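Labels for the chains are A, B, C, D, E and F, by order of writing; each one numbers its residues from 1.
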Amino acid sequence: MSAIDIDWDRDGRQAGYLHLPNSTNVSAWQDLRVPVYLFRNGEGPCTLLLGGNHGDEYEGITGLSALAHSLDPAGITGSVIIVPALNLPAVLAGARLSPVDGRNLNREFPGDPRGSLTQRLAALVVSELVPRADAVYDIHSGGRSLLFAPCTLVHEQADGELTRRCLAAADSFGAPFTVVIREPHAGQMLDDVVERSGRLMVSSELGGSAAISPGTMGLTRDGLLRLLAHLGHLSAADLPPAAPGRRLVVPGPQAYLHADDLGTYEPMVEIGRSVAEGTVIGRLHFVDRADRAPQPLRAPLGGILLCVHGQGLVRRDDVIAVIAVPYGE
Amino acid sequence: MSAIDIDWDRDGRQAGYLHLPNSTNVSAWQDLRVPVYLFRNGEGPCTLLLGGNHGDEYEGITGLSALAHSLDPAGITGSVIIVPALNLPAVLAGARLSPVDGRNLNREFPGDPRGSLTQRLAALVVSELVPRADAVYDIHSGGRSLLFAPCTLVHEQADGELTRRCLAAADSFGAPFTVVIREPHAGQMLDDVVERSGRLMVSSELGGSAAISPGTMGLTRDGLLRLLAHLGHLSAADLPPAAPGRRLVVPGPQAYLHADDLGTYEPMVEIGRSVAEGTVIGRLHFVDRADRAPQPLRAPLGGILLCVHGQGLVRRDDVIAVIAVPYGE
Amino acid sequence: MSAIDIDWDRDGRQAGYLHLPNSTNVSAWQDLRVPVYLFRNGEGPCTLLLGGNHGDEYEGITGLSALAHSLDPAGITGSVIIVPALNLPAVLAGARLSPVDGRNLNREFPGDPRGSLTQRLAALVVSELVPRADAVYDIHSGGRSLLFAPCTLVHEQADGELTRRCLAAADSFGAPFTVVIREPHAGQMLDDVVERSGRLMVSSELGGSAAISPGTMGLTRDGLLRLLAHLGHLSAADLPPAAPGRRLVVPGPQAYLHADDLGTYEPMVEIGRSVAEGTVIGRLHFVDRADRAPQPLRAPLGGILLCVHGQGLVRRDDVIAVIAVPYGE
Amino acid sequence: MSAIDIDWDRDGRQAGYLHLPNSTNVSAWQDLRVPVYLFRNGEGPCTLLLGGNHGDEYEGITGLSALAHSLDPAGITGSVIIVPALNLPAVLAGARLSPVDGRNLNREFPGDPRGSLTQRLAALVVSELVPRADAVYDIHSGGRSLLFAPCTLVHEQADGELTRRCLAAADSFGAPFTVVIREPHAGQMLDDVVERSGRLMVSSELGGSAAISPGTMGLTRDGLLRLLAHLGHLSAADLPPAAPGRRLVVPGPQAYLHADDLGTYEPMVEIGRSVAEGTVIGRLHFVDRADRAPQPLRAPLGGILLCVHGQGLVRRDDVIAVIAVPYGE
Amino acid sequence: MSAIDIDWDRDGRQAGYLHLPNSTNVSAWQDLRVPVYLFRNGEGPCTLLLGGNHGDEYEGITGLSALAHSLDPAGITGSVIIVPALNLPAVLAGARLSPVDGRNLNREFPGDPRGSLTQRLAALVVSELVPRADAVYDIHSGGRSLLFAPCTLVHEQADGELTRRCLAAADSFGAPFTVVIREPHAGQMLDDVVERSGRLMVSSELGGSAAISPGTMGLTRDGLLRLLAHLGHLSAADLPPAAPGRRLVVPGPQAYLHADDLGTYEPMVEIGRSVAEGTVIGRLHFVDRADRAPQPLRAPLGGILLCVHGQGLVRRDDVIAVIAVPYGE
Amino acid sequence: MSAIDIDWDRDGRQAGYLHLPNSTNVSAWQDLRVPVYLFRNGEGPCTLLLGGNHGDEYEGITGLSALAHSLDPAGITGSVIIVPALNLPAVLAGARLSPVDGRNLNREFPGDPRGSLTQRLAALVVSELVPRADAVYDIHSGGRSLLFAPCTLVHEQADGELTRRCLAAADSFGAPFTVVIREPHAGQMLDDVVERSGRLMVSSELGGSAAISPGTMGLTRDGLLRLLAHLGHLSAADLPPAAPGRRLVVPGPQAYLHADDLGTYEPMVEIGRSVAEGTVIGRLHFVDRADRAPQPLRAPLGGILLCVHGQGLVRRDDVIAVIAVPYGE
């Protein structure tokens, strides 16, 4: 049980596992195995593609599995590492967090090799996968509780040139939007580890509601090829074309609308559309109260309705909407 | 605590509650209150509109709450009874089944007045609400695990004239499809109670994935007005128009495709589209196995792809797809 | 494993068990044993004393255990049967409902000998214990979610003479109040089984909050002796005296105040005190909302504040207060 | 989805499913499929072999799966129906009871076609499988909490000839012991349904502790062939021989030793050995108490130590031992 | 989402929130909001008042909410910061520990800004609230499992003058007792952080059993005003008077009586009363055992019965009683 | 509540407790007490004997309890410290991991005095028990999910002489096998702490399946006396003799066979037997699939079948078998 049964120097396609020893009440010496694929064709750039950081975000999981079963190693340059279902226990549970220790993988970086399963998984990614890569693409999709207009995400970094390169890579994917964002917990995310090491980092939010559609699946399939071409692994000829997307930025806490009460959400505006500040984008219905009228929900800013709540039921403190505004225009 | 604090003979709008006594570890003498609305304007037909039979199907819940806060009692004829969130504990939990007793309300009819909470709720509907109504519309939407092309549903009944009237009412809603179906558990559903009493019964599946979109919300809002007009409560003038829908039938068990393994679902065909028998409508990805290729999923029949799995994760025995074929053509 | 290992015809003190076969994941052939005591001294009246019908009501459980370890069989007339912890799994869990099947024993009468554990326990009481008794006293104490001014309870019955005898027995206990009440679920309670058989039935609510105090413990200890004397088992000489109590009635649903929201409860009036209709008896604090002022809670009727919520936290639909008014004055 | 996709009149080997519609929070229209096999070679006797009635008893589950993948239909006479994992949800959970509804299948007979999943499963067995069979063999193995000396079981019935035939069939299996027993809950077991219909019924307890050994696996494999020969399906030639077993009876409640406290169990006598009344067969250790010495556990009767607790941890009311005595000698 | 939306330099009353980002399976980007109030009137002392450190201790939660809705900012000197429900998830669950991560807030100080929710909450208190305050009053009330004679608490510290000032502040509240105590886990409590910074720290135990009474509510309301006057925020005129309390000390581990077995608790002495060493203060009843007599429970020391078990059910290792003795007399 | 109420310098037998303060929703100030025994007779070697490191491994728990109630302090030399049920909450739950915090004690060393209960327990062992001992024997038994041929275990260490002494001590126990092993998580185990301090460390795996047999119980009882004699506490005369065991080594990850799917396990080879590489040692049965044949399971190496899965149900990633090969021959 070496940690990863891949020979990193061998050309061709390999299918192996990350091995994580785990001990539970029903399996004392469990060997938790997370599939990993290497496609290699000589020297060249190395890109790490990750899905399933959160277990209920399916475009990355399914899109990378499809890629891992269709990519021709002879047709690429350099190395492409694919982990379709990184937080495998969460993926198998259909949940954001790991059912093993209740932790959110993307709040545990850089991890702890002596910690709980999720913490050890984070540490393994940091010690064994990230150092092999020039670029990392971590595919997210909102998960059960959020629904996004398909977009790639980048962080603005101190190094302007690195930011510029990340933006270009994000644009290459061909999603309708490329979004600049800075989460309050950025310091505990994979992105931070990659960025601080000077590597190229791209993320995304390609859908949500814990579902997946033919449209977002198709975007993921084509976008992955476009990104691999941009990063030098594939020839740009014969690639599926993409309409030019828009660059947006989530300007700060004022762009978020949170719920004040439990209720069901009546959506009135499609994601991806423009709204003016104060536009009624939906209503909250207090279905346990015969005496309360629905509450109008207003856009906190003018801009693009980037994200809405991903479920019909909303609880206090949940995100109802996120607005993004034009970036660098 | 009379069972329902509505005066059924009073004109105008009333907002009250179904009262269900309940006893839990944290509330010995709980008075569970389910909102109910009566809109009445003199003698005339009486229609019962129900949402939240399953707690994670939002078009009915939210659409009926919106109607209950917008309908003008002076503008209608007869009585309209609205219960937006019938299985309220399930609705507040965002779940199909009641968290109180784990039961599926729509498998408990005609209910039991001495049984568990869900059984007593079913009995209350049967004894206190159904007898007041000439027609019942029970709005469903797939729930978390299913996603439907928006449709109204009717059962084919021994009484051909009643079937014809149900079909006409279902058509009036204006969904893209009107579907004839017979579930294996029909004898335990509300539909059966209503139909056996000779009343008009319509159901629906307006969406799914435990989410709701501006499109299905708009269809629900407009369709409810069209149905109320069809049933004689509203004037047909000034109603939102609907394109004529198609009548389909789910011909039997051979129309269902179930999963044989746990995996993530790659959708390839949009719901509502025509497929030939054997068409690959998607693939199942075995994301815990580096050694298994994705499995193609084929349409078991030629027809319309009426329903697909509503989540990205599929487990053995889950429905992956349901095909419907033209009805009565 | 006969159902009860007591020889009903033998004089003296016996300590045995009700045996209930049960089968769980960790105990295939469990012999669940509920302690039962018989004190017998020749022919004479037979009284059945029950505690722990609900598992978190301690005056009955502890008071009857104390009696079972102090009563002298030579000093009594007839038979006294004592079951201090009837719903033993609930008692051992400190909960109202049975943790085995989630059921409320006092909503399961007359029980079902083929049903779940709680249903079989109810059936055993009805078939094996009630028929031996002339009178039944089932001691309740509010449980976690309610707090009562100490009182005995009786139901008003069709047979006025039986009602009169029940009231007299209830008065003999010496609680501050004797209360006439009719619960909405009376038909599923032990009381109903006993009353319909023409036996004398008394219940009580001696405290609550899942706690017990020296004062309510003392009342229980003395009251049991006074009741046994009243029923002919003990000589009235040397009994602890009791101040005469007041007879009250809970007149109907209008006497209950239920919560409309989750909050913490600020009590302003002691239980057992008189209040006028509309008196502010407390306030509800919405501690998750910086923008909501506390809500005054008003007495729905004038009368005695018989019962308040037993915990600091109140949830929607919980009982906040019950008012009782003078009975038969 | 007919209930069982087996053609009962077709010769050869068929592998199909019992179909049970089920509805959960994560699968609205689940088609629960329980494997069933038919081996048929013309007219002749029909035997029904069942494993997994309790989900953690493995000799039946695994032994019948092995038989279903090795039996040659051309080599038999009549029909053999095999259901290796009857209570499939319990089997997949490694638990005695169904995780779906918490019910014990073998306390739910004759079942309820409108009830919960386990109740519907029982009803399906009674309506669709039992009527096809002349003999039923339901293989049990103690489960997690019990450990048996390998034995077949029969009930003594009013019809002495039927009892004699059941005993002969049980003997033919070749276990060390054939045991006559009458459980207190016999009226809710499958055995009762079969026996009351005049069919031949045999059960067993072939091991326990939720484990399985090469020895009990081998006994099961060979015993099944011997039983099939006895019932007329196979020729007796070339069968694995068995030593003659002993007939025992569990005489009644006095044969059971139950625990009075939680502790760990120190076994001192091997199962299957003879003990005198009062023999210390083990001790209970109170490992949370530094002040309590181990408690000796004594055989309640003289006889064979048929069964002991199957786990190292014992809780109050658990079975510690069962003694059987010679039958009919 | 700055961490706290209060302008600390603005006079008047402000009602805002502590913002804690949280991520769960049902809310990816939850903005957990804990109400906080600032009352400011110019320069002057700053006092921090905290309730809900444990979620089931109601005098602080409800008393501080009442104060936050009644205090007149124009009538005070300096600043008063009020957080009525600090561990809000625990308060909303009615539980001692946070349901989010299972942690006890008062064992997590000084907290961890990268840790789980409770650890981040502790860190936020330490970094953002404590540094603004000259004095901190953290109001406790025993919680579900303990019941205290109302008292304020202080720790004896190396700095005698600081101890003296803490005692004087504690006395000013006007509870019947001021108690000096040193818990074994003191190093992980808020008290330690405050004390080590040289600030004035007072705590309390004002009741318990997860309930609240008019009496303890009144003491809390009046005591808070007396404390604010003592600390220089209010004029002492017109304050509700308090009888002088007694100073006690819990001398060490020998003052605690723990349970050796599960049972129900029969209380015999009221809290706050004097007992001699060896006095029987109650009995433990073993209600699952017909063969065990109740166990007398004796005071381990002579002194005041400061605290008893707060529920009727006691488990092994629970506190049954705590004795306090006169301090510094 | 000093941490351990044992006087380490007093001769004779003492029975006391490790005290661990704990705080839960139902016990705010719990004093968790873990029994510990000291047998001392003057100066001499000190040996620490531990059971219940994992809560479902019974030979150590029960064998050490038996020893603690039979050893004569006057008959020994030096000191023997016995903790039969170290992880007491896990032992009382019959589980490998602590139910309090879900942690595996033997992955938490050297512990954390400010951490969760299991972490504090580990720290207490390291600070208070290990330093008193010259040798530590930590008795394991596979637990629910594994079943071992009885063996003692040692780690190969940098210090060859210490390794030699550990092997000799392990041999003295008299199990059929002495096994050298290096777990992947060794750095978090108690063994590592003891070895790094230069003390003698022996462990074992004496059985499994969460059960215990007369045979493994007898080996434990006798082996403990042989080990105490070897370590100088007892005279070797009159000891129960043991056959010489074999020394084996688990050579590395290639010695483990893990499951690729859920199924039931058909064992074909007894533990402790020799197998050739590729031998079919069992089969996996896919009992939910009528279409899948059983999968043969082959020995990954030639050697002794040291360990097999301890339950009839196997899940993906579980250990099915471990092979050991001769050591140092």
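As a working rule, a residue touches a chain if its C-beta (ideal position, glycine included) is under 8 Å from a C-beta of that chain, and two chains touch if they have at least 3 such contacts.
From a predicted model like this one, the values you see are computed outputs, not experimental measurements.
K.L.:
Would you kindly state whether over half or under half of the residue numbers at the chain C/chain D interface are used by both copies, giving same or different?
P.N.:
Under half of the interface numbering overlaps between copies: different.
K.L.:
Among C-E, C-D or B-C, which pair gives essentially the same interface as A-B, with more than half of the residue-number contact pairs in common?
P.N.:
C-E
K.L.:
What's the farthest chain from chain D if centres are computed as the mean of the Cα atoms?
P.N.:
Centroid comparison gives E as the farthest chain from chain D.
K.L.:
Nearest 5 degrees, what's the C-alpha rotation angle taking chain C to chain E?
P.N.:
So the angle, rounded to a multiple of 5, is 180 degrees.
K.L.:
With chain centres taken as the means of their Cα atoms, state the distance from chain E to chain F in Å.
P.N.:
That gives a centre separation of 43 Å.
K.L.:
Would you kindly tell me how far, in whole Å, the mean C-alpha position of chain F lies from that of chain D?
P.N.:
34
K.L.:
Just how far, in Å, is the C-alpha centre of chain F from the one of chain B?
P.N.:
Those two chain centres are 57 Å apart.
K.L.:
Considering chain F alone, which of its residues make contact with at least two other chains?
P.N.:
In chain F, 26, 33, 56, 94, 144, 288-289, 311 touch at least two other chains.
K.L.:
In the complex, go through chain E and note every residue touching chain C.
P.N.:
Within the complex, chain E contacts chain C at residues 15-17, 33, 35-37, 52, 56-58, 61-62, 65-66, 69, 84-85, 88, 91-92, 94, 144, 147, 209-214, 217, 262, 264-270, 283, 285, 287-291, 293-294, 310-313.
K.L.:
Report the residues of chain D in contact with chain C in the complex, numbered from low to high.
P.N.:
By the definition above, chain D touches chain C via 54, 56, 95-97, 102, 104, 107, 142-146, 184-185, 187-188, 253, 256, 258, 311, 315, 317-319.
K.L.:
Write out the stretch or stretches of chain B touching chain C in their complex.
P.N.:
Going by the criterion above, the answer is residues 1-2, 21-33, 101, 114.
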